[in-house]
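Structure incoming, see below.
Note that the chains are named A, B, C and D in the order they appear, and that numbering of residues resets to 1 at the start of each chain.
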Amino acid sequence: MAKLFAVLVAFITIVSTAIFVAHTWWLPPDISVVGPSIDSQLLETMVAAGVLFVVSQFTLALFVWRVSDERKERPIRRFPGGATPLVVLATALVGIEVLALSLVGSKIWYNTFLAPVPANALKVDVQAGQFAFYFRYPGPDGTFGTPHPDKIDEGAGNFFGLDPANDIDARDDIVTAELAVPVNRPILLTMHAKDVSHSFYVPELRLQQDFVPGLVIPLHFTATQVAKTEIVCTQLCGLGHYNMKTYLEVMSAADFDKWLKDQAAQQ
Amino acid sequence: MTTVSTPPPVAHHHGPPTRFIQKYIFSTDHKVIGKQYLGLALVAVTTGMVLSWYMRFHLAFPDAKAPGLGLITPEQYLQLMTMHGTIMVFFVLTTAPFAGFGNFFLPIHVGAEDMPFPHFNMMSFWVTLTAFLVLVTSFVVPEGPALAGWTAYAPLSAVGSGSGPGEGLGQTLWAISIAIFCIGQLLGGLNFICTVLDMRTKGLSLARLPYVTWAWFITSVIGLIAFSVLLPACILLILDRVAGTSFFIPAGLVVNDRLLNHAGGSPLLWQHLFWFFGHPEVYIAILPGFGIISTIMPAFARKPLLGPRVLIGCMAAIGFLSYTVWGHHMFLSGMNPTSAMGFSIPTLIITIPATIATLLWIGTLYGSRYRFTTAGLFCLGFISVFVTGGLSGFFLAQPSIDTYLHATYFVVAHFHFVMAVAAIFGIFAGTYFWFPKMFGRMMNETLGKWHFALTFTGVYGVFMPMHYLGLAGNVRRYSSFPAEYMGQALPLHRWITVAALFTGAVQLIFLYNLIRSRFAGEPAPDNPWEATSLEWSTSSPPPFDNFGGRHLVVSHGPDEYAVKGPRGDYIMQADPP
Amino acid sequence: MTPKLGAPPSAARTGVWVGMGAIAMSFAAYTSAMMVRREGAPDWHHFQLPSILYVNTVILLASSVALEVGRRRVGDDYEVRRAAHRYLSLAFGLGVAFLIGQVLAWRDLAAQGLFLATNPSSAFFYVFTAAHGLHLIGGLVGLAYVLRRVRLAVGPGTYGALGAVALYWHFMDALWLYLLGVLALWL
Amino acid sequence: MMRTFAILGVALLSASAPAPYMAGSVTGTITFTGTPPKMKPIDMAKEPSCAKQHATPIETENVVTGPNNALQYVVIYVSAGDQGSETPATPVHLDQKGCQYIPHVVVMHTAQSLEIANNDQTSHNIHPLPTKNPEWNKSQPPGSPPIVTKYENADFIPVKCNVHPWMHGYHIVLATSHFGVSGNDGTYTISGLPPGKYTLTAWHEKFGTMTQDVTVGAQPAKADFQFKATPY
């Protein structure tokens, strides 16, 4: 049984590692400015964790194999050097790894969530609700109308609770059900939720951020390639959660302007 | 065995109960209560596993009718998921390794005859059972149980039935159940701590406590703090739901075209309170596992644990650090991103004591004369799965990577390996190890070893692929994956489902072994494993007062193996100096 | 089968200490919840604490004093025990009086139209006072138990139990003073 | 033998007994004055399986107008003077197709059974928000059987699908079987009314209700309604 176990551990380790290495299932290509740094950070961690994984599982298997024969009257041997070197080793290795990862990681994190937003960023207002995202472009006047929760009427297509009767800013707001953005231009999303917590996740952007009712959360990104990808909700929000999704369309500047005009015409 | 003739000063005697009710139902005997907890855990784990089968079935075959449920609707899926999580975390991973084994063996390990407050102890179980019953009741209420997940994030969990089926009465029952559960665990933890501090027999210094006893002690301290925070959180949640207060519900929410008249509440407040409990809860589940492994391995390795003090230090460090890291569940929750780094560092630091503990176990294995009993094998399995689960923590502890992996199956894989599977392996090890002492009969080793081998293979088959899903960006908590999103993951989901059903079926071997051994197993000697701690110095099963009127004097450490002893290569704690 | 020995007298005291730790923790949680809820909540209305609370405070402190005097007096001699018993009963009575006072405070607020759900500030007031009241009832139960034992006979266990109950009771005082401070400062 | 025939004959007679003599009816046209709000096109981007069923994007249906100021989806019913009416045995049918409720307004008698079918490739959830009946909320995955339900009390019930927030309709539950719904040309007919004096009420989801009295005699009575429309 012992030998079988040793083999089993080794086998499982090899197979699972192989699948990781072969990238059989891997991240989708990234299309954002922060993407590459996140990917490389993930890869570094993957290598470090992978090595530790293989080494420790094999050590376990090896030791099991070595002591597997219960009949043999071997003398009991202490681990050379006792616990202290292990403690030092673990602390040093892991400590260094931790420091390294944190240093690089915090820089990436800063670029993703804390870096100042460029002035030329395109502002898009995002509202999440059960179970759809709606996006709002300020229109020609460049200012958003004020949302009034009490005026929200989804049946009449008033998802943001705008009040065009009394609010001039609101009249030219362009409300869409999918997010279109021009390529290579910083985008600033102002995220708010209508009812419960939701989340904004675009794997290709390597970007995720929760919507929190009662808060308006800024989130900025820059897409680097023309593409059409999905935006999904990752915060459990009710029975329709699995189907709370829409599309992100990254377009050339020209296409984007045309798209925006078409949308405006339909309002 | 040494016995002292003069008993310590006592308040009053209470003799063994004679009536059935007192003896087996409303018993104040810690051994009976321990068995009751384990029984509850067995019922709960079976329920939880069946729920997960339905989830897996639906994920693999979204359009197929599930036996008994028919076509599973999205809300049913979320309800299955919520109940699976809640039942497993609270009523299995908290009760079995801690309340169950702890109740039975903690007093014996310290040479006591019972806990200091037996009636609190009895209440602790019956309160916990009530909590469980309240929870399962929600299966039969209109619109079914809660669907907000075991984390019950507000406002979804707070705004009421408008936000979805199960968010009416079901969610209220959930909150009440968890509140009750907290009370039960507080009563239990109080007893554990006092037992260790005040009930230790002559010569049993803290340093001489078995590692598992240390683990239970540390766990009960963690639990005492954690549940003292979850209880108020649940009370506030209940008030928001039934009394119209606004602790967690902000102003201007429109649920189903209806403007709620709540104002000013903070959804993040719930998350902070919950995770301040929630992260330590993970260690409440796994630390007893640490203790069980560290206690059992030397007995089978026939050599003392490598670095005993270090291990206890690691467990204490983990216990302490567990209160500094709750924010790593909230990197993307909308809290100030700067604080994410503050939570990330201690999270990564926790890996240090965890790594050390692992190395100590592997080092103990080195050069040993290991006896590959089922319990011993589960210890080795524990090491393997704990390492696997721990390493994925490296990814999630980093905010920058969590940005991508958060809320994907990578997380599911991580916590299942590190807290669910590892903890369960600890429970299995404990069961095979202590069953003879608890019931006076041996378990069948052949069945046990098959159970181990198949379970070990099975869990890797189930949870390893979830890492791949996560890397591919496959989101968790989805009842199905519409073709245009994550459609290509379906084959992998099918594989996982098959593996899950297989692993589940394998557990029938364990169940059969358990029942068969209980009634027809080999009679167990007092010390079948040639182990040293005090439970092995009394009969199997122990008498009502644990030591038959004897008061043991301890003059040895918990694992004096590989020495010249009166019986062989070991000296028991109660042996004369 | 041989009967079990009860717990050593010290256990009761340890138990109370541990319990106090847990209770302190949960009230810390309530307080931090209040802090978070309070900051940046435009809807937070300040209101005058009912003045009866201060009377209640005095009553509660008095009960603690009575309990302490009683505890120090307890002895084997019958007369002494009677005297001690009287003090303990007084402490018990005052405790009940405090609870009644708290209820009156609630009625006072209700009369002002301040209910649980009226405003976060009132919500926290009711939650704090109710939580404290419940824990105090626990203390009363313990006190009643000790009263019975003192009346019957005084054994080694009695001192332990009495000490434990007294400790808990004083803790309830301290907790109330803390809550009063919190409420007075932030409501 | 003879008796059987006799019974049969009686049965046949009673079966073929004529409906109440000279049942009258009410007809009319519903129109509006002023400018109604512009209906918004619905962007179904999140649900491709539905989007591709509509060549041109469909519009919201809360104010549907027809030629020469006709107003559609107005429910006209007898609100007073009705001499009893029993619940029809036949169920009312509601379709969910292309992520739309068809029809937008469905009228039924109290306790009449309503069957809701999902003809889409996606999962819908039906969530009525009643005021006088219990609220419910149920998912209906594609390929699952129709949901059959009924409302006990008269009510004007907004219904929505949370999964597709634009899906919005009305379940109108009336205590009478005498009602009509205005078509796209604004006309309606209420038939089978015994002669007598009645009060008619016209209900529109945005413009509210209007009433007028009408006397039904031998000739079909006429009752037109004109709502005041506002752009917002």
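Following the convention adopted for this analysis, a contact is a pair of C-beta atoms (placed from the backbone, for glycine too) under 8 Å apart; a residue touches a chain by one contact, two chains touch by 3 or more.
Worth saying up front: this structure is predicted, and the values here are computed from it rather than measured.
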Mean of the CA atoms for each chain, then the mean for all of them together: which chain is nearest? B
The pair out of A-B and A-D sharing more C-beta contacts is A-B
Whole-Å gap separating chain A and chain D, where each centre is the average of the chain's CA atoms: 46
With chain centres defined as C-alpha means, what is the inter-centre distance between chain A and chain B in Å? 30
Taking each chain's mean CA coordinate, chain B and chain D are separated, in whole Å, by 56
Quick check on chain A: which residues sit in contact with 2+ other chains? 129-130, 153-155, 238-240, 243, 245
Residues within chain D bordering two or more other chains: 122-123, 125, 137, 139, 158, 160, 162
Those chain pairs meeting the touch criterion are A-B, A-D, B-C, B-D
List of chain B residues in touch with chain C within their complex: 7-16, 113-117, 186, 189-190, 193-194, 197-199, 224-225, 227-229, 231-233, 235-236, 239, 243-247, 251, 263-266, 268-269, 272-273, 276, 543-545, 548-549
Which chain D residues qualify as touching chain A in the complex? 37, 39-47, 57, 60-62, 122-123, 125, 137, 139, 158, 160, 162-166, 168, 205-206, 231-232
Contact footprint of chain A on chain B as seen in their complex: 73-75, 77-78, 147-149, 153-156, 159, 163-165, 167, 249-257, 259, 265-268, 302-303, 306-307, 310, 332-334, 337-338, 340-341, 344-345, 348-349, 351-352, 355-356, 358-360, 362-372, 377, 380-381, 383-384, 387-388, 391-392, 394-395, 398-401, 403-404, 406-408, 449, 453, 456-457, 460, 464, 467-469, 471-473, 475-482, 484-485, 489, 492, 562
Residues of chain A defined as touching chain D within the complex: 129-133, 153-157, 159, 163-165, 176-178, 238-240, 243-247, 266-267
Chain B contact footprint on chain D (complex, rising order): 48, 122-123, 125, 127, 129, 135-144, 158, 160, 162
